[in-house]
Amino acid sequence: MITKQLIEIKSHLRIAEDTFEVVLQSTLARELKPGQFVHVALKNHMLRRPVSVANVDAEAETFTIVFKIFGEGTKSLSRYQAGDHLDVILPCGSYYPVEELELDHALIVGGGIGVPPLYYLAKSLKEKGVKVTTVLGFQSKAHVFYEEKFQLLGDTYIATNDGTYGKKGFVTDIISELSPTIDYYFSCGPTPMLQAVTNQLAEQKGYISLEERMGCGVGTCYACVVPLKEDPTQSKKICKDGPVFYANEVILT
Amino acid sequence: MNLTTTLPGLSLKNPVMPASGCFGFGKEYSQFYDLSDLGAIIVKAATGQARYGNPTPRVAETTSGMLNAIGLQNPGVDAIIKEELPFLRSYDTPVIANVAGSTVEEYVQVTKALNHSQDIAAIELNISCPNVKEGGVQFGTDPELAKEVTYQVKQASNYPVYVKLSPNVSNIVTMAKAVTDAGADGLSMINTLTGMQINLKQRKPIIANKTGGLSGPAIKPIAIRMVYEVRQALDIPIIGMGGIITAEDALEFLLAGANAVAVGTANFQNPLACPEIIQELPRVLEQYGFQSVEEAIGKGHVNG
Amino acid sequence: MNLTTTLPGLSLKNPVMPASGCFGFGKEYSQFYDLSDLGAIIVKAATGQARYGNPTPRVAETTSGMLNAIGLQNPGVDAIIKEELPFLRSYDTPVIANVAGSTVEEYVQVTKALNHSQDIAAIELNISCPNVKEGGVQFGTDPELAKEVTYQVKQASNYPVYVKLSPNVSNIVTMAKAVTDAGADGLSMINTLTGMQINLKQRKPIIANKTGGLSGPAIKPIAIRMVYEVRQALDIPIIGMGGIITAEDALEFLLAGANAVAVGTANFQNPLACPEIIQELPRVLEQYGFQSVEEAIGKGHVNG
Amino acid sequence: MITKQLIEIKSHLRIAEDTFEVVLQSTLARELKPGQFVHVALKNHMLRRPVSVANVDAEAETFTIVFKIFGEGTKSLSRYQAGDHLDVILPCGSYYPVEELELDHALIVGGGIGVPPLYYLAKSLKEKGVKVTTVLGFQSKAHVFYEEKFQLLGDTYIATNDGTYGKKGFVTDIISELSPTIDYYFSCGPTPMLQAVTNQLAEQKGYISLEERMGCGVGTCYACVVPLKEDPTQSKKICKDGPVFYANEVILT
């Protein structure tokens, strides 16, 4: 059941350049599934900001978000501190169907601020006994985060645009080299990356997670639609039907 | 505290309703609270056929407001009648359908289709959508066209007709008079003001449609002025809206002359905006010396 | 970084100037900084005779904006020429006089009087003041009247004429075309949007004049849209304004197509608003990949 | 020279119902004269708020303001704390010409939030050797402040609207009873009080201090004008020519 809660910030850490990890206390933490997001209200901003769930600690009733400063809203969010409260709508949107899927080997492909939801996904897959291979892309060394955490879950490869860390280039370059045998891939990141990845892995089954500017975040305003491959005059809502879609379901523009 | 207010075809338990396009068809917000708490519900625009709407991005944030250019995306009036409206039956709150179109014929078609629905209590005639190329803007800014479409829709409708006015005009009273003369049962005002925001990085408008409709607290002074001017000139019921966030804002619209109020953008910021305003309203009315909602209506007018 | 920009009769060292009515005649703000830093200065409106203006209260605060209904208070054009303008001689910055009136004759009278002053470089023809009963609004919302007054003033003036447009119209391009056809050298846009705020305690509008002009960041999306639309349609120089607080805001107006920008309400919040924007502008231009102000003008347009 | 300064709050105290006393550190403190005001910027508010100078400590380079919560701006100001900074324009406006006047006995008449500037005035008069008699009006007992401070400077009488403290009624009732022999009176408070006081003391020389909604606060916008008795088509600006006027100079509306 979707709810609005005022929840406390338990910790607020800078983990990479312009990148922050925030742990939040919520009785609904355990309801949050990999791929879902929370819709965060910020003082003096008209609209909420969607941020993915990057991890859940069911026992502690906490969940984690990781975000990068992009504009005014995320800058403001970066200035909150442990002990402050956030007004959050949760849980929002669809999730990676970890429970339902049958698979042995998963490829995780993330770029930039698309990486956070994939950590919670990778952890859940691993807990289910799935082998996880991860390929992550970042702008540069200073922006890399969560590499060690992913490594604990399986083989992890990093690409940076400028080559200051890992492989110079794109996640697709690494995937070409690895050409791993997988059952499913799961990808989240900027649209150009998703386009490249879904093209490259067109033969594979996969799920992707999309971003769009949102109004309501709950499915009422039609701000966040994406056209369907089957019939481009039809659309789905990223905030409600997504953000997770089957890779061939939607048209990436 | 007596919160009731009466408008043509609408006996409302309180004067607060969500505005069209900001509440879908009610399902999503029914997860947050009991929709029976609402004075009424204005649902998303209906057109003759299904519409895809505009490309994305469709929204942008502005200082104390937002821009939207949804472009009237909706599944078409027949699907709305069959698949969306029945859900609202279980709630004890009147539903107002929002009628849109590109031609007078389409407006009339939608209106006639809605005659067959038992799930609504009134229609809101949307001649003010700034985000569609054809129809919308023209009807809302040309008094003659506004008159014509109002007259035709009024002829076609079994339900009371509230005409939703555009603020993008030099003289709101002229527009209000035109549609009143044509038989409108009430007015709904205001729709959004046409605006734009440019993305400095991308060097182009953020909204794919380039322009979008500005809503939220930024526009409240314009909405209050227009409601006040129309109330001064005409004796027609008004549903007031534009930037309402708090019960104080709602009272300001009542004082300006609105008989009821609608809440749009605030729902996005706070899904509980409507019930919270309704809950606060008695305290706020009392604080400013009013015994009822009816008593406050029009009381902000000097000389009358 | 090259900040210069050139408009008819104006070679500006930078594109930033205070807007009319928000800077008096410069004296007060000269206590805060060197007025020579400014690209230009637009001074308070001048009418034929001295005007008292409206009763107080004349201002109110709104969400991210303010209302004003000063009502063109000024000591009259002759006193302005004799007592106010000479003070600005000592600064190395062009002065733009703001011409107002109730009749075409008064506009022409003020314009002719200003021909005798050597202290100005251009006039801004204010056909958009929403706060005076006669003249102001009519001229600003009726294309024929706008054309007529522009033509007459242009005939009378020895200086370039910038016509200041009102945003309270359904079609800004029609207005812009009308005054351009009549010979305007440039446009200045936008003036304020008519608004109202009601005092809940006193149960009446806060502004004694009831309505006032809405300015500040709240209206920026409307201003940007109007500048963009006019730039798209016409090839006439534009001084853009409406809600500018930061250098980013100024750049947004340049991208929309303004050749220079004016800063109004921001001066009240921050007397150093103009010099701070000027100081920040090179950094902001560079950040978004521009080598000069001229390069940025109109660059927010898609397809052209 | 009028200036914009970012200055530190040294202390922030609640001194009566909804009433706060704030001490501010400023190198310009000693420039502030009795009757002048400072123009205070507040976060998320378009316009500054004018607040009178209630006291100056030249040595400590601090000055004091006293304000009452009236609307959103003053509510926001009440939530600032010692250590926070305020963006202030100062000194603003005209002042009581304490130095220039020749007088032995002054009557001070204040109402509500008109009281604060009169304290600094009374102190300055007393320092000059002038005998000071003070009459202050408040809504009710809970709103009374600075009584003791005024008492140290001379005889002080209090009226409250509801009679919960001092005399029930208005300052004019007390003035009638006292009918003191004075050289000048000085008054600040709500307009109806100023009207009553200037009528009652029409035979006396006096100065009053006015309030009006302001835009710029420095004299450029013509928001704050008051018509002149001599010629009502002429006006003066309260922010620049005022707030202190000679009692017969302006028309109180």
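We call the chains A, B, C and D, going by the order they appear; numbering starts again at 1 in every chain.
The criterion applied here is as follows: a residue touches a chain if its C-beta (ideal position, glycine included) is under 8 Å from a C-beta of that chain, and two chains touch if they have at least 3 such contacts.
In this text, all values refer to a predicted model and were calculated from it rather than measured experimentally.
*Asks:* Using mean Cα positions as chain centres, tell me which chain lies farthest from subunit C.
*Replies:* Taking each chain's C-alpha mean as its centre, the farthest from subunit C is A.
*Asks:* Hey, how far is the Cα centre of subunit B from the one of subunit C, in Å?
*Replies:* Taking the mean C-alpha position of each chain, the two centres sit 33 Å apart.
*Asks:* Measuring centre to centre with CA averages, how many angstrom lie between subunit B and subunit D?
*Replies:* 47
*Asks:* Please tell me the distance, in whole Å, between the geometric centres of subunit C and subunit D computed from their C-alpha atoms.
*Replies:* Computed value for the inter-centroid distance: 36 Å.
*Asks:* Any chance you could list the residues of subunit C touching two or more other chains?
*Replies:* Expected reply: 62, 64-65, 217.
*Asks:* If I count partner chains per residue in subunit D, which residues reach a count of at least 2?
*Replies:* Answer for subunit D, listing residues that touch two or more other chains: there are none.
*Asks:* Just say which it is for the chain contacts: an open line, a closed ring, a star, complete, or other.
*Replies:* Line.
*Asks:* Which two-chain combinations touch?
*Replies:* Contact pairs between chains: A-B, B-C, C-D.
*Asks:* Please name which positions on subunit D make contact with subunit C in the complex.
*Replies:* For this pair, the touching residues of subunit D are 1-4, 41, 45-48, 73, 87, 89, 212-227, 233-235, 240, 253.
*Asks:* Under the definition above, what is the set of subunit B residues touching subunit A in their complex?
*Replies:* 21-24, 27-29, 31-32, 44, 50, 52-53, 55-62, 64-66, 68, 70, 73, 206, 216-217, 265, 267-272
*Asks:* Quick one: which bits of subunit B touch subunit C in the complex? Just the residue numbers, please.
*Replies:* By the definition above, subunit B touches subunit C via 62-65, 67, 141, 168-171, 193-198, 200-201, 203-205, 210-211, 214, 217-222, 224-225, 228, 243, 248, 251-252, 255-256, 288, 299-302.
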